[in-house]
Every structure is written in C-alpha cells, then in structure tokens.
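First up is the structure itself, then whatever we jot down about it.
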Amino acid sequence: MRRSTDAIHRPIGLMVGFLLPAVLLFLVFFIYPLINVLWISFHSGNVASEKMTWVGTANYTRLFSDNVFWMVFWHNLQIVIIAGIATLILALGTAVALTKIRRGRNFFRIVFLFPNIMSAVATAVLWSFIFNPSFGILNGFLRAMRLEEFTHAWLGEPNTALPVTILVHIWTIAGFYIVLFYAGLLRIPADYSEAARIDGASGWQEFRHITLPLLQDIMQIATVYVVINSVNIFALVYLFNEGRAARYNGVLLTYMYEQAFNNGNYGYACAIGVMTLITVLACAGVVNLFFRRDAVEL
Amino acid sequence: MISGLMGHSIYRKIAAAAAVVISMLPCALAQTKNVEVQAFRGGYGLDFFETAAKEFNAAHPDIKVSVDGNPRVWDVLVPRFAAGTPPDLAWPGWGMNLRPIIMEGQVLPWDKYLDQPAYGNPGKTWRETFKPDLLKAGVFNGKTYTLPFNIDCYGWWYDETLFNKHGWKPPQTYEEFLVLGKKIQAQNIAPLTFTGRYPIYLLNGVYYPWVISDGGIDVYKKMINLEPGAWKHPSFLKAARCVMDLKKERYFQGGCIGMNHTESQMELLVHRAAMIPCGSWIQAEMSNLVPENFKMTFLKTPSFKDGAGDPTALFVGADGKGWTLPVKGKNPDAAAEYYRYVSSPEKAALFIEQKGTMTAIITEREPKLPPHLVKPFEAVKNARVTWLNNVGDWYTPLETEIETAVVDMYNEVITPQEFVERCEVKAQEFRKSLGKDRLQWD
Amino acid sequence: MKKLTPARLLIYVFLCLYAVVVIYPMFWLVATSLKDSWSIFKSPWGLPTDFQWVNYKNAMEKGELAHKIWNSVLVDTVSLLLILLISAMAGYVLGRFRFRGNRPLFYMFLSGMTIPIFLAIVPLFALMNQIQIPGLNFKLLDTRLGLIIVYVAYSLSFTIFVLTGFFRSLPWELAEAAVIDGCKPNQVFWRIMLPLAKPGLATAGIFVFIGLWNEYPLALVLMSSEEGQTLPLGIANLTMSQKYQADWGALFAGLTIGVLPTLIMYAIFQRQIQEGLTAGAVKG
C-alpha cells in the first residue's frame, strides 16, 4: 500500500481542521433540516414563532385522507415511471446513434446537453408560450396542418397538462443521460463488438448481449438519478402554473410549497416533505434491488 | 466585501442600532422612522404609491417611507409574517390567505386611527371618508383589519367600435346574450373569452352573477356564510348548467381555459373574442396595447329575464384584500399616517384619473373620468344590491377548492350536478375545520 | 469503414430532428425578444421585421435586472469560492488519509447528492430565521449571506465527491517527497496538492457555478426582499408581472438576458461541463 507513510505522518490537527468547516456546514444546513422535517411534521402552528403544538400523527391522518395529496403523489409516480423510462430509452438510443456516426458527434452532444444547462425558469416560461392556446407555436403548427381539432389549452386541460409537463421534463433532463451513456459506450473496447460481428451476431444481439451488460453500472446510476430528478420536480410545475395551486399537473413539492407558504400549514407541509423523502428513498431502493437481482441473472 | 454582501441591510441595521442609542440619549434628537411598504404589483403598478411616498417623506422629515412590491407579494408576506418580521404596511394582494394571520393576532386594527380627523379635513373623521359598505368588508369581530383603496366592479367588456360596426347591441339579459352570441359566431368571433387559468373570473364575472340573478342575493349569502345545504339551492345548479350549455354551443373561446389575464384580454383586443368578464383594471393592464379606435366599454353581466334576483346587483369590492397594518411592524403609527395621506379624497380622485379605476374613498371633487369608467360608475350608482366574493377574500383554501371544481366542470371532468355537490361537501368540511372562527356576513 | 448507408442516414435524420427540437425554441426565444408585443401576438412565427432593441432596455428597467445580475454574480461567485475551498480541504483529507470514520463521512456527504434539499425547505426556512450572527443584529433569512451559506452547504456533496476522487488519483510520491524534505502537512496541501488539483477544481467549479446561476427554488423561499434577489427570481418576477402588464417583448428580452450568459459559459467550457456531469458516474 503506497499510503503506508500516512500512518507515520497522519497530521490529526490538519485533518480535523480541514474537515470541520464542511462537516459543520453540512450537518447544520443539510442534515439538521432534513431531520427537523420529521419533527415539525408532528406539529401544527407557526414554525418560526415557537408557537408549535404537538399534534402527534394528526398531519399524517389528514394526509392519508387528503385526495389532493394522493393525486399529486400519483402525478409524481407517473412522472417517475413515464419520464424515467422514456428518458432512459431516448438517451440510450441517442447515445448509441452518436457512436454510429462520424461527423458531428461533438456538435450533437453539445446541443443535446444544452436544455440541462438552461435555467428552469427560462425553460418553463419558454415552453408555456409554446403551449399557449392562442398564439403558442404548437397550436399554430397544428392549425397550419389543418389539425384544428387537436389543438388544446395544453396546460389548462386535465388530459394534457401532465403529459405536456412530462414531455418538457424529458426535454430538460435527457441531455445529461445522453452524455452519460455516450461516455459509457466509449468505454467498451471496440474489439468486443468486432468479435461479436465475427461470431455472426446481429446489431440487436450485440446491443442486448454485449453493450447493455457492460453498461449496467451506468444504467443503475442513471436510473437512480432519473428517479431523484423526477421526484424532485418543482420549478417547472410551479412556473407552468404561474405559482397557483396546481391540480392537473401538481406534484408533491408544489403541494408542499402551497401548504407551507400560501396556507401557512407548516406542519402539514412537512408531512408532505417526509412523504417525498420516503418516495425518493423507496424508489431508489427499488431501482437498486432491481439491478442487484439482474446482476445475479447475468 | 461584507458591506457588499449585506447590501443596504447592514446599513439599515446600523441605522436602527444607532437610532436606539440616540433615543436613549437624554436630549431628544430627531430620529428617522423607516416605514417599509410591501404591496401587490398588479396592473396599476406601484408608481402612484411611490410618488405619494416621496411627497409624504418631503413633508415629514422624520419619516422615510419606501414602497416595494411584487406580483406575488403574498409569497413574500406569508413567510415574513411567520418569521415575525413583517413590513410596516402591507397591501397583501388577492392571493394572500390573510384570515389565519389576523386570527393569530398579527394584524393591528385600524380603528384607533380611523377615529382621528381625516387628512386635510379636520371636520370629518378618517372613517367618514370611506364608503361605509366597502369599509365593512374589512371588519372582522367588530374591528377593522383591512382598509380598501381602489375598488373594482366586475362585468363584461367589449369594443364598442366592433359592436357598432356589426350593429350588435350589448346584451342586458342572458336571453339576449344567447341570441347575440349566434350573430357574433357568424362573424367567426367567439362571443366570450375568459381568463381560464384564474377561475375567479369565471366565478365573479359569470357564474355567481347568474346564481344571484336566478335565486336572489340571499341564496348567495347563505353560501358565503357556509350554511349547510347552501350549494343545494337550485340556482347554483342552474347557473352551472348555463355555463356548460354555453360551452357546448361554443360561446366560450376555445382554449381560453389555458390563458392568463393579459393573454385572454389580448384576445379581446385582436377581436378573436367579442366580450370578456373582467374588473375595471382591464384598461390599465392593456394600456400600451389597446389600438386607437378600440373603445373599451363596460357591460353589467347579463342577468336572467325572469330571475328572482335584482337585475342591478353588482360585484363591487376592494382590490387586493385591502391595506393591512402588521402588529410587528416597527412604526405602525407612521405607516398609518402614510396611508391616511395616500387615501385622502384628493389622492383618491387623482388615482381615478391616472389609473382609470374606482376607489373606496368619497372624493370631494368630481374626478374627470376616463371614457371606459363612465359606465362602471353608473352601474355602481344604480346598483341596489352589491356583493363580494367573501369566500375568495377570507377563505383561501376553500376558494382553491371551488376554483378547481369549476375548472373541472368546465373541462367536463365532472357534471354541473357533481360540481355543486362537491362544493357543498368542501364548504361543510371547511366550515368544520374553522370551528368558532367562522365569519358571518349580512 | 463508416459510409453513409441508409441506416446511417436515418440516424442523421433522427439526430437532426432532435437538434431542431432543442435549437428551435432557443431561436424562437431570441427572435421573439426583438419583436413588439402586438406582432408577437398576431404572428408568433414571424421573424422580427424591425428589431425592437427597446425590449431589452424595458426588461432591464422594469425587472431592475442590472441589480439582480449583480446579486447573482456576487452570491454565486462567493459561494463558488467557498465551496471549492471547503470541499478541496475536506476532499483532500477524505481522499488522502485513512482513518476510522472516513467512509461514514464520505457517505454522509454523498447522501446530499441523492436527497433533494427542497423537501426540507420549511425547517431550513425556520433555521435561517432563528440564526443570528453573534454581534450582528440580523437574521440569515433574506440576506445574501444566508443564501450563500445554504448554497455552499447543498453544493458540498457534489464537489467533495468529485474532489475526493481526484485527490485519490493524484500521485502521492510528490507529497511524500515534500514531507521528507521537511514540508509541513499544511504546506503540502497549499503548495503542492491544491495546485495539482486545478483541473478537478475547474471541472467541479464550472459545473457548480452554472447550477447556482440557475438556482431558483431555494432563492424563492430564502430571499424575498427585492434588494437581495438573484437573476432567476428577477426573471420569474418579470413573468409574473407580465400577466398584469402586457409587455411580452420585454419578457422575452429578459429571458434572453437570463439564458445568454449560460449559453456563453457553456460554449466556452462545454468540455469541463460534460466532464462534471459524468464525474463519478463513469470511471476511467
């Protein structure tokens, strides 16, 4: 082990001093609020004025019988599942496509990643104009194609608000996964696929039996990220609805915000926050389980 | 660097600390009282209040009023009230859930100030300069918690030039509207559009007027008082059915459910829609875009020909929930003094002329009315019955439920029958959650 | 070997279509920012006929964007410097030395990358409202300093993760030689290891900076006063006012002002950004 000298020269003072700022900041401004969500969720009253009263599990009882909560929860699940699967397929497909071409790889990669880099505020406003029922370019396009009956008030109708939100969400995040998969694909030695070719494997067989298994670790990370990304969705929905209480595409975090900062129900909002945390952890757990089982099969 | 980080706030703190020190000195030195105003930045902007603050500061060297605002000012105010650091004076805006904050004792009643002499008129109390009906809207357990400034009446708006060109008459009754709508449709124009993303326009401008027209004002009052079974009155169902009938006949502009204020109002300006329910702020919001020959004209929401309600009934209410004095503001007296100045009859008349809307203040001189305000003034004068959306003003969570329900109905997720049933259930659930805090309006 | 076969042509068609779906909205955004409100509404597809540069002036004035840009630059730069410094120190210790608690600490920081902090916004808000710096009579809530602290805390996970890996991959012989030459542990870090870590710092730094430049939800709650608001809040405010005072030209100009710096940064640093994105996820 080349770090053998560390045992002799381990400078305890420096180690403590160097770690302290990071650990302190992280504990106070990250871990503590996270634990405090749980604590506040058993209270009611004004979170900032020490006038909290212990209400036990009342917030949770109310949560479980709150239709709006289950609705936004269901929206989040739909976003996780639909956006998750669609993003991964789109990104993997695009990344594979990128490896098949010679010219323009860099150009496309740079372009595809840009929505990731753009601010959520700009994305939301830009797309809400594209979806505008009257002068939005989407309806304009449909009218130009003489498809008048397919025009919608995209963000105002129950059947379109969530799908459209999911679509923009995919548009926003897909670039990251393209870059991720692309980097993973470049790792695969070229002779693997050549060997497969020589053995007479088709393109699909090669993809299924060589590329995918070799991408498994990246696939797992990507899936965890996409789940977190999709549970964490807030700014897009908040701004799509101009900050109003959203019902057709409302999500856990917008409902939490509404309860806390519009209605002043801080304890109830924290109960929603706790449920969001559980959702994140549960989804990540399911993903990891899935990949572990898969790994055994291989 | 530190001063850069803290910006002005550190100076303010130092100033405040200095002020404390100075005030402890035996010789009384003049100290500046800072008054922070947080106000809803809507179609009228805030320049009127900013200018008034400058004038006020010039006249009162010991007070410094600064006006700040935001189109979602309640997103700022709710946390600041919660944190115990509210501004000195707030105009909380329509989205504010003010009632719980008043219940917590965070708002100072205006009454002790209202009993003082009016600004520039020692013969009158300040209270007497407000129209009594409108003052009443801010009274809660016998105390006046919010003071109105500008007021609006809801109705429909149209372009008189367009109507004259086609020989259309503004419909006085629902029945006339049905007939006229067909003629308008024949010109490839939608008879009515509305701000669908903010369903309050559908409620205040179309639905509630028809409930009141069909059943009379008492039916509506039972509803705002959350009486059990109020929503079961047939007028609520009938008005809901009328809305849906019109939708089926394509009287509403397609897609308007997805439009915000200026977007839907723009539809009126470009003549893709003939009429729009809105308050009297419409001209101010669209001012730079209204074409020259466009004559913005008001029309009271058409009522049923044989309805039981008074046909002159009109929504007249304070804009943005009225002005509020937080208890924890640092200088409530100075803040009240500033508002007393802003709401003086002369200022009110100026506001009418500059901003093109009405105020809750009895003006001493006849203001020069902008053309679009002539008819709303008449309508207010002629109204034997006026009403308010008290649920929207005081019960924000219930209002959210009613608004989402009416949008669900409009989108045909639920039927009119299910709509009134859902509202009934939500109203009673909400009443239960209120307990003793329920308000009563007469 | 790679000829333009029909399959490859199909791939190009797909990639080009995707590129259009990304580029066209951007193009439309910039084009629309140069049109007047009336023509935006009447012919949303049309290109600007006479360039309405006044939209930019209106956006800057109405949204008070100059002040907001300054706030963003200030808050994000100070945050970034603190993040890099603090996480380089922590990453150095975690990557270099073996001690009991190394792994648990590392995983604690790592947890920050999986848990969205916004779900704890209520306690965070309360915390910022409680904390008063001793000697200074103000709360952290609603101050730029408060926002900086929160930004630092929530960005640490990522940079510590990246930099720990980076320090682990650095050649230790140099450091060891320095120790033998009598360098103090402190000096080893500042004089030898930190300069070596520059590429890692650059990758993490640019990536973090763009994230901060765009950050909206935390600022929305923790920075309500106008004087401290950052650019994303300013743009969002412009959007919210647009529904009460129709000036779509100014709104699109404001959006362009918000997007343009990111676009430029991206164009310059796209390699580092792509590295930053995949850092840790793809080894080698």
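As written, the chains take the letters A, B and C, and residue 1 is the first residue of each chain.
One rule holds in what follows: contacts are C-beta pairs under 8 Å (C-beta built on N, C-alpha and C of every residue); 3 or more make two chains touch, one makes a residue touch a chain.
These figures come from a predicted structure and were not determined experimentally.
Colleague: Quick check: more C-beta contact pairs in A-B or A-C?
Modeller: A-C
Colleague: Where centres are the averaged C-alpha coordinates, which chain has the largest centre distance to subunit C?
Modeller: Computed centres place B farthest from subunit C.
Colleague: Centroid from C-alpha atoms only, then distance subunit A to subunit B, rounded to Å. What do you get?
Modeller: A distance of 38 Å separates the two centres.
Colleague: Between subunit A and subunit C, what distance separates the C-alpha centroids? Give it in angstrom.
Modeller: Here the centre of subunit C sits 17 Å away from the centre of subunit A.
Colleague: Can you list the subunit C residues in contact with two or more other chains?
Modeller: Subunit C, residues with two or more chain partners: 41-42, 125, 129, 221, 240, 243.
Colleague: Mind pulling the subunit A residues that touch 2 or more other chains?
Modeller: 47-48, 134-135, 242-243, 261, 266
Colleague: Residue numbers in subunit B touching 2 or more other chains?
Modeller: Those would be 72, 75, 79, 82-84, 260, 263, 266.
Colleague: State the interface residues of subunit C toward subunit A in the complex, per the touch definition above.
Modeller: Touch residues, subunit C against subunit A: 2, 7-8, 11-12, 14-15, 18-19, 21-23, 25-26, 28-29, 32, 40-42, 44-45, 86-87, 89-90, 92-94, 96-99, 105, 108-109, 112, 114-127, 129-130, 149-150, 152-154, 156-157, 160, 172, 176, 179, 185-186, 189, 210, 213-214, 216-217, 221, 232, 235-236, 239-240, 243, 251, 255, 258-259, 262-263, 266, 270, 273-274, 277-278, 281-282, 284.
Colleague: Subunit A touches which residues of subunit B in the complex?
Modeller: 72, 74-75, 78-79, 82-84, 95, 97, 100-101, 104, 196-198, 254-260, 263, 266-267, 272, 396-397, 400, 404, 407-408, 411, 413
Colleague: Which residues of subunit A touch subunit B once you look at their complex with the stated criterion?
Modeller: 46-49, 51, 131-135, 139, 151-158, 241-245, 247, 261-264, 266
Colleague: What does subunit B use to touch subunit C in their complex?
Modeller: 4-10, 13, 16-17, 41-43, 45, 68, 70-72, 75-76, 79-80, 82-85, 260-263, 265-266, 270, 285-286, 288-289
Colleague: Enumerate the contact residues on subunit C facing subunit B in the complex.
Modeller: 37-38, 41-42, 74, 78, 125, 129, 136-139, 141-145, 148, 220-221, 224-228, 237, 240-247
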